[in-house]
Structure formats: C-alpha cells, structure tokens
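In what follows, chain A forms one complex with chain B and a second complex with chain C.
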Partner chain A sequence: MISPLRPAPPLLLLLPAMALVPVLVALPFLVHGGGWDLIAQFLLAALHPSLDPLVLGSALSGLGVTVAIALLGWALSLALGLGAGLLSSRTLWATAWGLRWPAELIRRLLALPRSIHELLWGLLLLQLLGLQPAVAVLAIALPFGALVARVVADQLDALPGARLEALRAAGAPAGPALLTALGPALLPGVISYGGYRLECALRSATLLGVFGLGGLGTDLRLTLQSLQFNELWSGLWLLLATMLVLEGLVRLLRRRWCLPNRFGAGASGVGRRGREIAFLILLLLPLLLLQARAIGVDPMVLLHWNPLPNWGTSLRPAEVLALPWASLVGQTLGLTLLAAALAVGLAPLLLLLVAPWPWGRVLLQLVWALGRLWPPPLTALLLLFALKPGLVTAALALGFHNLGILGRLLLEAAEAAPEGAEQALAVAGTGPRLALLHGRYSALARSYLAYGAYRSDVILRETVVVGLVGAAGLGTALLEALSSFAWDQLLALMAVYALLTLVGEDLSDRARRRLLRCP
Partner chain B sequence: MRIRQPRALACASLSLVFTAAAATTVCGGLISRAQAQVKAVNPTPATNRVLRIGAIPDQKPEKLNRLYGLLSNELSRQLGFKVRYVPVTDYAAAVTAFRTGDLDLVWFGGLTGVQARLQKPGARVLAQRDIDVQFHSVFIANARSGLKPVLNVKGLSQLKGKRFTFGSESSTSGRLMPQVFLAKAGVKLTDFSGGAPGFSGSHDATIALVQSGAYDAGAVNEQVWKSSLHDRKVDRSKVIAIWRTPGYPDYHWIAQGDLDTRFGKGTTDRITAALVSLRRTNPSQAPILELFGAQQFVPAKADQYATIEKVGREIGKIR
Partner chain C sequence: MNLSPVLELTGIQVPGRQQPRLCDVSLRLEAGERVALLGASGAGKSTLLAVANGLLVPEFGRVLWEGQPRSRSRRLSRRQQARIGTLWQDLRLIEELSVQQNLNAARLAVWGWPRALLNLLVPVETAACAAALERVELEPALLGQPVTALSGGQRQRVALARLLRQEPLLLLADEPLASLDPRLATELLELLLRQAEAPRALLLSLHRPDLLAGFDRVIGLRQGRLLFDGPVADLQADTLAQLYAEGP
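Up next is the complex of A and B:
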C-alpha cells in the first residue's frame, strides 16, 4: 500500500525537528540576557574545576552514595521486575495453570507504579519513611521494577511457542518445560535491557540527589544555587567520568556477550558466555551488600511507617476542584510534545550538520554526554540566568537531557548498521550529509522514531522534574502542593499524572507498533 | 559483529568491573557528611544519646555548617550529651524530618515552624533571637532594572512585568510575608514577567541572582541582606534595596515534645536556658551570635506566631 501522503523515510526522520521553528520564533521574546555574565562564568569554570581536597573529597563521597543508590535500586528493580514479569506473563499462566486473566490483571496493576516518576516516589516515601537512604533506593526500585516487569512479560509472550508446545506434548511438567524452552531465549534481551536500566539508574540517583535524597546531586544543586561554579564542575566532571565508564562497560559487555542493542529492531543474538555472566552476577551480590552497609540502608525501616500529618483536616475537595486543571494538563502535554520533538528531531539533524567534520561529531558526543548527565532541573536553573521562566524554558531543559540519550542511541545504531549504502552513495559523488541521510539513516528511521515514541512517554513522566522553573504544568503545582503539605491536592495531581501517563503509554505503544509494522 | 575478541579484552573488561566496584565501595566507606544528611538515627538507646539539631537551609551551606558546628559544640558542652548537626536540603524536608522524628531540635522560620508544630502535636517553641520579635524583609532590585526605592507598600506595584524571585517556597521572610505585601500593592504572582515568580531556594541565592541581573528584583531576609552588606559580598553599584517591610515575628527554635523522657527530666528547659544564656561577651559564644546576626536569644511562645499562621492559611501554605 503506497499512500501519496506518507513521507519518505529520510524526511520522516527530520520531521520532528520542525518543532525548532516555533521555539526559534519564541526565543527572542524569552531572552532577557540579564545573566549572560553568570553563564559565561559557568562555562569558563568548566576549565577550572576546584581541586581543593575538601571539595573533591565531598564530591567523591557524594558520588559514592549516588553510585551505591543507583546500584542497589537497580539490582532490586531487576529482582522485582523479573518476579513480577514472570507473574504477568500470559504464556506462563496459560502453561502452568491454564488461565490467562491473572496475567492481564497483574499487568494492569503494574501500570500504576510505572506511571509515577521516581522523583514522586522518592518524595512520597520520604513523607512515609523519614530521611532514610532506603527511600532513594526504593524510589528507583519500584517504578524501574514495574518497567522491567513489562519488558520481561512482553518478551516472554512474544517468544515462539513451538519448543514449549513440543516439550509439553512430550510430557514434560510445566515448570521444567517453561525453563528449558523459554529461559535461554529470554535471557539475552533481559540482560541487555538490564544494562540499559543501570545507566538510567545512575541518572535517576543523581536526580534524586538534586531533590535532597542524598548523594552528589545534592552538592550539584547547592553549588549551583550559591553560584560556586568551580566547585560545581568538580562534581560534574567526576560524574561524567563515572557515567562514561559505566556506559562503555555496558556496551563492551553487550558486544562481548552478543546481546541485542537498545533499538531492538535488528535480530537478537543468541547470547554467549553464560558462565561469565553467571560469575559476574555472583560477584555483584557481596558488592551490593557492602554498599548497602556503607550507605546505611536498613530494611527494617520499612516496618516504621509514619502516617501523613493532619490528613483529615487537609481534605478540601472544593480547593482541589478549583485548581486550573485544564491549563495544567494542557501545559504538561505541550511541554511533553515540545521537548520530545526537540530531542527526537535534533539528534539526526545535528549529526547530519557535523557529518563533514570528524571533530564535530566528537564535540557533539561530549555535549550530549553532558546533556544526559545534567539533571534537567539543573539545566533549567541555568537557563533561567538568560531566559524567562515558562514552558519553553522547561522544554529546552527536558529536550536537552533527552537529546543526550537519543543522540547516543542513534549514533550507536548507525555505527552498527551496514556501511554499504552510504559508501556507494559517497563514491557516486553524493555529499557526506546526503550520503549519511539516505545511506544510513533512512534505514533506521522507523526504529528510531519508534524509540522516540517510547521516549515521549518517558518525557511525559519527567515533566514533573522541571516544575522548579515555574509555569510548567502539573509538575509546578505538585511541588507547591508538597511544600504546603496539601495531601489532597498532591494525590489528585498524582492521579491525573498517572492517568495521563497511562494514556500516553497506550498512544506511544500504538505509534511504535505502527512504525515498526510498516515496511 | 565481531564474534571472537581477544582474551585480553575479556580480562580488561572484568578487571574494570572489579575496579569500578572497589572504587564505589571505598567511596561508600568515605561517606561522612552526605551520609549524615540522609541517614537517620533510629530511636537511640539510652546509653548513646545524641541530640540531633537541624535548620532550614536559608543560607549558603558553608555558613550553615560552620554556624551549627559551633552551636553543637557549645550546646554539647553545656548539656553534657552529644549534639550533632544534621543538614537538610530544603525547607519542606526540615519540616518532614522533624515530623518523622529524625530531628530533635530545629531552627525553623515562622511559616515552617507553624507547619512543623501542626504536624507534630506536643512540639515546643523554645526561643527566638532578639531580632525575630520584629523581623523585616527587604525588597532588592538590580540597578539596571529601572526600579526605584519606594516609601510605602503601594510602590511595589512597579514590580508588575518585572522578573522577580522569592527565596524558598516555604520561606517566611523570602516568600510568605513578601507575597502578603505584594498583594497589598495589588501585585499577583502571575503579574511577573514569564507569568510566575522564581524560587531561588535561599536568601544568598536571591541576592546573587538579582545582583547578576538574572532577575530584576527579589525579596530577602533583612538580616542576611545586612550581613552580606557588612561582609562586602554585595556590589552596591549593581543591587539596591528598594523597600523594607513592616515587622513580623519570624525564626524560632522548636523541640520535640518528648525530650524530657528521652534525655532526662528538665532537658527541654535546660536547652532553652543554654540558648538564652549565650552572650556576645563570652569569646566562645560570640562567633555563634555573630553568625546568627543577633545580640542574644530570648524565650519565645507559640502564640507569638498566630499572625503567621493566619496569613499562612490565607495563602494556602498552612492547612
């Protein structure tokens, strides 16, 4: 079926970049330029990070806490996710008990923890458990666990059933049959996804710190707010080094173990070196225990719940209804779409622009790494030095962060794609940009955009973190409700957030399936 | 994809994992301050009692660390048990930490103090500074903003359409009272440039942002403003004061209601006495009062903050 209105793949890839037009139009009205001095100071300080042993020591210990929170939260989320994933697998229920509906039910229930951003989990758990390191770990583990569960269940149910049926027909009991038929096929995808989640966990742990839940993020925010840029950069460079080492390691292991990459469009490898993988997992356990001890995570705190204060007196339905819901939701959606379009559209555009210059790409990679690294609220605070508060400023901060993530994935996928077409075009005399666009990117367009659709869904959840900038929809209202201890408003806002995310998830799923199904 | 990679690479990757793991564990062991920040002490055994004091983070962390370090030592010396300062990162977190019992004695602002007492029945107001009986906020402006000093509250209407920042969302002198006076001048929060005010997080940050020109104007705690002027941290050619608010009650010490049962009979009164006895003439106590910007502490009562509670309720920060 060929529709005359369907854009060609290369064009499709660049379409989201159209979002730049309204931003560029709005920008002159947004710039106030009052703080250019500060921005210049901030950039210059990158070259002169503070080397004071006290500052470095504090940054290092902060980094230790952040890494420990990330690792513990990640490990716990994998454990929770695997368990919940198996429980929400239709194949598993059907094979073991001949039922399907419990899987559907568990799947629906798991959508709830997933729809709430880890920051909100953190702030809520803080109210219930007090100032505990376990709060940050749980805040990462709960939503991440639900995400992992979904991926595990989806992959499990998508596996071809022939082997399982053969084993069952031959009389194998349900348990061993499932393990033998599906286990080995499931593992590569799950381990690869697990590696990606670890990178996410490091970013989340940093972000939680920005909101006072411990670790380096706290130092980053305090040094930015007191304008001590040299000290800020000591922490940022350390964090960058950690992040790049982690990403490099994950990529190395993924290649070594022949696991599929994140785009998931290509054929997935079978996975190799099972013994090495098992050894590494065994090695991880004592390390996790040590880290839990080091940052003082105490599972017993889960038994001490503090009730929410003046819960009864703070219920005022009239005030909850009086919140400007329409504009809050509208702003949140606008913010999501703008940030997503900027991130999705800019990554290929920028890569094309710098295509003729090899150093251009290196520079771009560095800027993207910084984008991934900087928690969006910090970028937003920095942008306020030169831009007025509001939706576009918030979208720029969110867009920059996600551009860093999308750009890297696009670059990795492009490097793994076959070179033939691009070389053929280049040899035939096509310019480097066009050769790259038509030779490489057009083949990736659909899977890239499909990932972009998934990312928009993540961005919707993330809008809460740039609430600091003001006038940024539900996120701003949420932070204000939290500082007023207005539980009814807080819960109503979270419910609306959850609802939006669930609808968004559904829409982005449909978009992704369509993009991947089309030729 | 390459199928077989040299064995050296395998060793390298594994050893990297080890190194990274070891490094994080070592870092984890180094934690002191950051850990103290999040780590709460569960109900302490009677033999090893520590009084955990805290404060709303209204100024630069370096200054707070120095100030409360000195105060902890002094209180510890006078009271005869260990006193430890636990920093928190925002105002609401200080209130929450008090409610969940992670802090025993906290230096709250007017608004956060009322929030804390409402959330933790039985909590006791101990003392305030001499300056807190009639505390003031100062509206400051960037010299290039075109804003001029004014004589009365109505003059604040010139802030409409300007870029304006408060301090923390829950600050009494940096948000609550300034917002009350702005309302008296007919200025709504949506009247500012960009449709919303900024929230810088602390008074030092407000001064720095207004001085840099990132915001045209802001509202700060008068004591922090004066001490910045005194320390020559402010460039008077770049930032000016445009209006000083009338007085209102602000900062105060609040203690948990159960200190007497946990630390021994009369402990709460002994803490109040220790705070009130601090004098500028005592060389080890003078730096503390200097950093607090006060001559001395005086006993305080909860009903002094009734007006703060009233305006807090009007604005919706107290429920």
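Up next is the complex of A and C:
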C-alpha cells in the first residue's frame, strides 16, 4: 500500500532542487558593487578566443602536460588499485591462506588515502618533494588507487563463490583457480570503472594545475587572474575538445566491449573482445613511458625528501584545540549538502525546462560539459568578481561542477530508458515537460538519486578545493594551515576531515542501498 | 451537433523499405461505430493505428479528426490529442506509480502543473478514479496499490480504465488481446465494446477472426492495401483466406 503524502519517484527527483530557494533568497545579500561587467566580458570572450599562435602554443603544451599527468596518474592508480584490491579481497585471502582478517585490516588502512582529496595529496607532496611533475602524478595515483582498490575488492567479494569452489574441489591450485573463476567476471566492471576514472583523472590533473602543479590549469588560473579572458577561452575550448573526445572514446569502447555503464550493472562478458583489450593495454605501455620522459617524471626524486619548514617549532596543542571546530565541521557539512542538493536537483529540473526544444538540450549539454571541465576553484574565483566570498559562493562553484557530471549521467540514463510511457502520454495530449516527468523520470528516479548519494560523498571530499573562497569550513582552514606551515593544525584538520569523509562514505552507502532496495 | 466523422483518412500512403507500409488507404469512422482491423502480421495494422493516433505523419494523404486536420506545424493540438485514446499492446503503465496516479496521468493533457505535481504527492480526484475502475469491474480498493503489485489481467483493466479516464472520442487499440488467455481476452473485448457507444468510435486491430461478433464493421488490410471494408456479416470465408494468404 502506498501511504498518503509520500512523494512519488518523479517528484522525489525534483525535491533536491528546493535548495535553490535559500540560495535565491541569500543571493541579493551576497552581491557586492561591481564585477558584473567582468563576468559579462568573460562570457562574451567565449565567442572570441585568442588565436594568437603564441597563446595557442602555450595552451597546447600546457594541455600536453595535463594529459600526460592524467594518463600517468591514472595508469599508476590502476596498477596500485588492482594490487591493493586483490590484497584487500576477503575471497582471495580465504582461498589462498584460509584467513580473513588481513583483508579487513588492509581495507581499513586503504580508507585513509581514499579519504584525502588529490589536491591535499598534491600540496603535501609538494612540500615534501618540491615542484616536480612526479608530484602531480603521485597525487592522483594515491587516492585514485585506493578508490580502484575498493571497487575491485567489492566486486571480487560480491561474485558468487560456487565456480571457485568447483575448481578448488577439482584440485586446482589457488592462483589459477582464482584467475579462471573470477578473472573474466571481474574484468568488465573493472575496465568500465577504469574508463570513468580516466575522465576523473583529466579533471583532477587540470585542478592540480590551478594550484600550481603544472599543466594547463596553471595557465587558466593566471589568465583568469590577469583578466585575459580571450586567452583563457583558448585554453578552455581546447580542454573541452579533449574532454569530449576522451568521453566519447570511453563511451565507444564501453559499448563496443558490452561493458556495464555506471547506472545499474549487467555486464554480458568481454568475450571475443579480450584480444582487443590486451592489444590496447600493450599499446598504452610504451605511450606512457614516452610521456613520462617527455614531461620529465623521475621516480628517483621520490627518494629525496625535503625537511618540512618549521617542523620542530610548530607543535602547539593549545592552538589546535582553539580552532573553531564546531563551526568548521558545520560549514563543511552545510557546504556539502547545499552543493549536492543544487547539483542533484538542478540537473532534472533544467532538463525538464528545456524539454520542448531540441536545441535547448544541446545547449544544456554544452553548459554541462563546461561545468565538468572547469575546475571549481576557477568558478569560485570567477564568482568572486560579483559575489562576496562565503559558503553560498563556494556551494555554487562546487554545485556547478557536479551539475555537469550528474547532468550528463541523467541525460544518458534518460536516453537509455524505454520511451513507451513518455510516448503514450504525449500521444494522449500531455505536454512535453509533464510527459518527460511522468514517463521517463519515474523509471530512473531511484537509480539517479542513488548515484546522487554517491556523488554527495565525493562532494564532501571536494569541499577542500573551494576552500580558497573563504568561510568554506575545513577546506579553508586546511589551505590556511598549509600556507602558514602550521603542521600541527594541518594534521589535526586532516584527521578530522578524513574521519568526516569516512562517516560520509558510510552514510551515502546506506542511503544508496536504501534507494535501490525500495520497490 | 457535430456531423463530421470521428476519423477520416483519405489516400494515405506510408513508404516502407521494400513495399509501402500503407498504400492508398481511405476510411471513415463514424460516431458509435465499432470497427475491427484484420490482417496478417506486417499487413500495416500498427502503421494504420499510428497514423490514426497522430504518431505517424503519412507521406501522402489527408487525416481529419472530427473534421479538423493537423495544424500547419504538422502537430496535433493538445485538445485534439486529448480526444484520441490509445490502448497500447504493452500497456505503457508507469510502473513506479500507484494505480490512482496512473489513472490521473490520463488527465495531464488538461491539468496544469499544480495539480500534476499534487497528484505525485497525495491522492487526487479519488471519486473519478474509483468510477473509472468500476467501469472496468475492478475494486476501488486497488487505487492505492503500486501497479507492479497487480496481476496481468488487472493491469489490462487498469490500462483500459486510464483510457476511459482520458474521456477520448476515438478509441484505438493495437492488438490488445494478443498476450491474453482466451477467457481474459473475451472479457476485455466485452468491456471495450461496451465503452464504445456514440459519440465514441472504436478501431481495434485483431489477429483472431473468431472474436468479430460484437463489431459493426471489419476492415481487412493486406500488404498495406485495403482489401475489405464492410459489415461483419459480409465477410466471406474466401476474403478471410485471402487476407491471411502467403505470398504476393
């Protein structure tokens, strides 16, 4: 029985958009005097990117570095993640050595690198190793590797054990038995997830550049701060083209190899495509080596650690305790919820608004693509031209970025959903918006919201990247502690932040399971 | 008093890959008429129904609904569309919603946003929904159930109740009996025929000539062409055999 006053799935999908109301109420108080002309100039410059060969050359070489960092960081994270994932699999330990506790222990330990955002890794490694291309690569590889490890271990342990038992009972040794029984079943999910991580790696490499770790991101930030909007757009359009090509390629391969997409599972096995995959991996290896040489990644630098400045004199527990912990944590949570609600709620709302016009959808796709590739701290800096710094400004920047990611997923899911119900409504005279809401949103509401729950957990981790607009909770405090070499505060802040993201991860997991379980 | 036919097709032509899906088809459907559409698979029954409900714009020919053509933008007006009701073979119920919300979805053409959103939050227009269920001989107690909880026969009837709640003038049904067992098929057909009284008209495609008893008229399609159009009593065995014959 459906009880009264329970929002139906399509309505549930629109509820997060209610977060717009407080934002719109707060907006007039956030606007400061000028700056609108700058924003207008920025938007107009999109139509006139600089075509100066010098600018284009610099943007291209920056893009090359960013792509190389992304590829290297991604490849390293896959290698690390596969290894760590196997090591933290309960099935593997139980089959090979008859133990379970080491898997649990490694799993717990991997939660730590996962809970720290790649930007923090980057800034920390920067202090330890100096400005090196290897820093950005490692900053991506460490947290991404831990994320991949979790997915690998979870998938491995979720596979039915009967096949493995059958092989073991027939006398196969542990290694070959595991490989034969679980390998082929594991591959589609891991490759599909790996493709998604590559898209993430490109975004992260750009972001790290914004904070000075090299590549196109650095150019973007410098041109924005010196108000050279035409030059800024040259870089942005190049980055957009690269990202769209990469996304298209990943989608193409996912389809060609019949891999599951991110909404729902259901892989049909890699089958005959196995040879193509192996060939592609072999092709990738020399490419990676070449790129590592081209941008000067030197693994040996990892052995030379710089002493941290101020290390000995900075342990003052009283000052650590004096930090306004309650408000820092409160702001971080507020920022996360607001940004997540904006991103999750606005995507279906906007798609609904443009439903009657086919070109509206194309325009939306373009804006979303820009949101995805445009690093949130740059959006925040841009918003600061017209808005005061603060939590809402940070939430808008973070929300816009994640809107780009969620919007694309929603559109993909909407296009994959069966069209019958929507068509039936349209033929009976229902308007295009209401037909979309009832006919298509109903079917995908739960899986979309479940993905939104996962995304909120990512957003919590990402709040640090908009820390630079101030009043954004732990992220702001962290960046301040880093730049003033207050290591004691930094460690305490990072510990609290890590704890918060672990709790957040658990909560979003529960929310996701609940959403997917309900009929 | 509106004297134009409910539906009037003249010289309809729909091209296909090898042969036309419809070739020079003309027919009139008057208020109160119950017409069965017969033909082998691929004869063009579904195409004809898609032309009739406005989903498919024919290459050539004229379609008039209550004497009115499509507007110049080649789209049917909201009001026109609301008066054409289709019973889909796959029913096209919205699985995530309750029976009542599904029934009310038929009113979305005339409702504004506030009532549409309210329908997704609380039970709306319960009396009218209960009446629609009673007309298809279902208990009003089902209103609060999710449609996924219904049996196959109940789902068919809910889809029919939704069609009635739309209050259309033209009832179209594409092989609604195809996936039903014989008893359910006769029951649903009886319900459908009972609802099609003047000013309504019914056009229903069938693949079972044994169920023609309640119809006023039969239209036979063969390879996209009109082979027969007349009273049920005039349909001879050899015409029927010709309708289902193989080869050109």
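Note that the second predicted complex is superposed on the first by the 504 of 519 C-alpha atoms of A that agree within 3 Å, B and C clash if a C-alpha of one lies under 4 Å from a C-alpha of the other, contacts with A are read in each partner's own complex, and residues count from 1 in each chain.
Convention: a residue touches a chain if its C-beta (ideal position, glycine included) is under 8 Å from a C-beta of that chain, and two chains touch if they have at least 3 such contacts.
Only a predicted model underlies this, so the values are computations on that prediction, with no experimental measurement involved.
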{"item": "When chain B and chain C are modelled together on chain A, clash or fit", "value": "fit"}
{"item": "Touched partner set for A:Gly83, first chain B, second chain C, both or neither", "value": "neither"}
{"item": "Partner chain(s) touched by A:Phe485 [first = chain B, second = chain C, both, neither]", "value": "first"}
{"item": "Which superposed partner A:Pro102 touches (first chain B, second chain C, both, neither)", "value": "neither"}
{"item": "Partner chain(s) touched by A:Leu11 [first = chain B, second = chain C, both, neither]", "value": "second"}
{"item": "First (chain B), second (chain C), both or neither touched by A:Gly360", "value": "neither"}
{"item": "Three-chain overlay, vertex chain A: chain B-chain C angle, C-alpha, nearest 10 degrees", "value": "140"}
{"item": "Three-chain overlay, closest Cα atoms of chain B and chain C, distance in Å", "value": "20"}
{"item": "Residues of chain C touching chain A in the complex", "value": "53-55, 76, 78-86, 88, 90, 92-98, 101, 105-106, 108-110, 113, 116-117, 120-123, 144-146, 148, 166, 168"}
{"item": "Residues of chain A that touch chain B when the two form their complex", "value": "32, 34-35, 37-38, 57-58, 60-65, 67-68, 71, 126-127, 129-133, 135-136, 211-216, 218-219, 221-222, 225-227, 245-246, 249, 252-253, 255-256, 258, 269, 276, 280, 283-284, 287, 290-291, 294-296, 298, 300-301, 304, 306, 309-310, 313-314, 316, 319, 384-386, 388-390, 416, 468, 470-471, 476, 479-480, 482-486"}
{"item": "For the chain B and chain A complex, residues of the former touching the latter", "value": "1-3, 5, 9-10, 13-14, 16-17, 20-21, 24-35, 37-40, 42, 60-61, 86, 88-93, 95-97, 99-102, 115, 118-120, 142, 163, 169-170, 193-202, 204-205, 208-209, 212-216, 316-319"}
{"item": "Contacting residues of chain A [partner chain C, same complex]", "value": "1-2, 4-11, 420-421, 423-431, 434-435, 437-439, 442-443, 445-446, 519"}
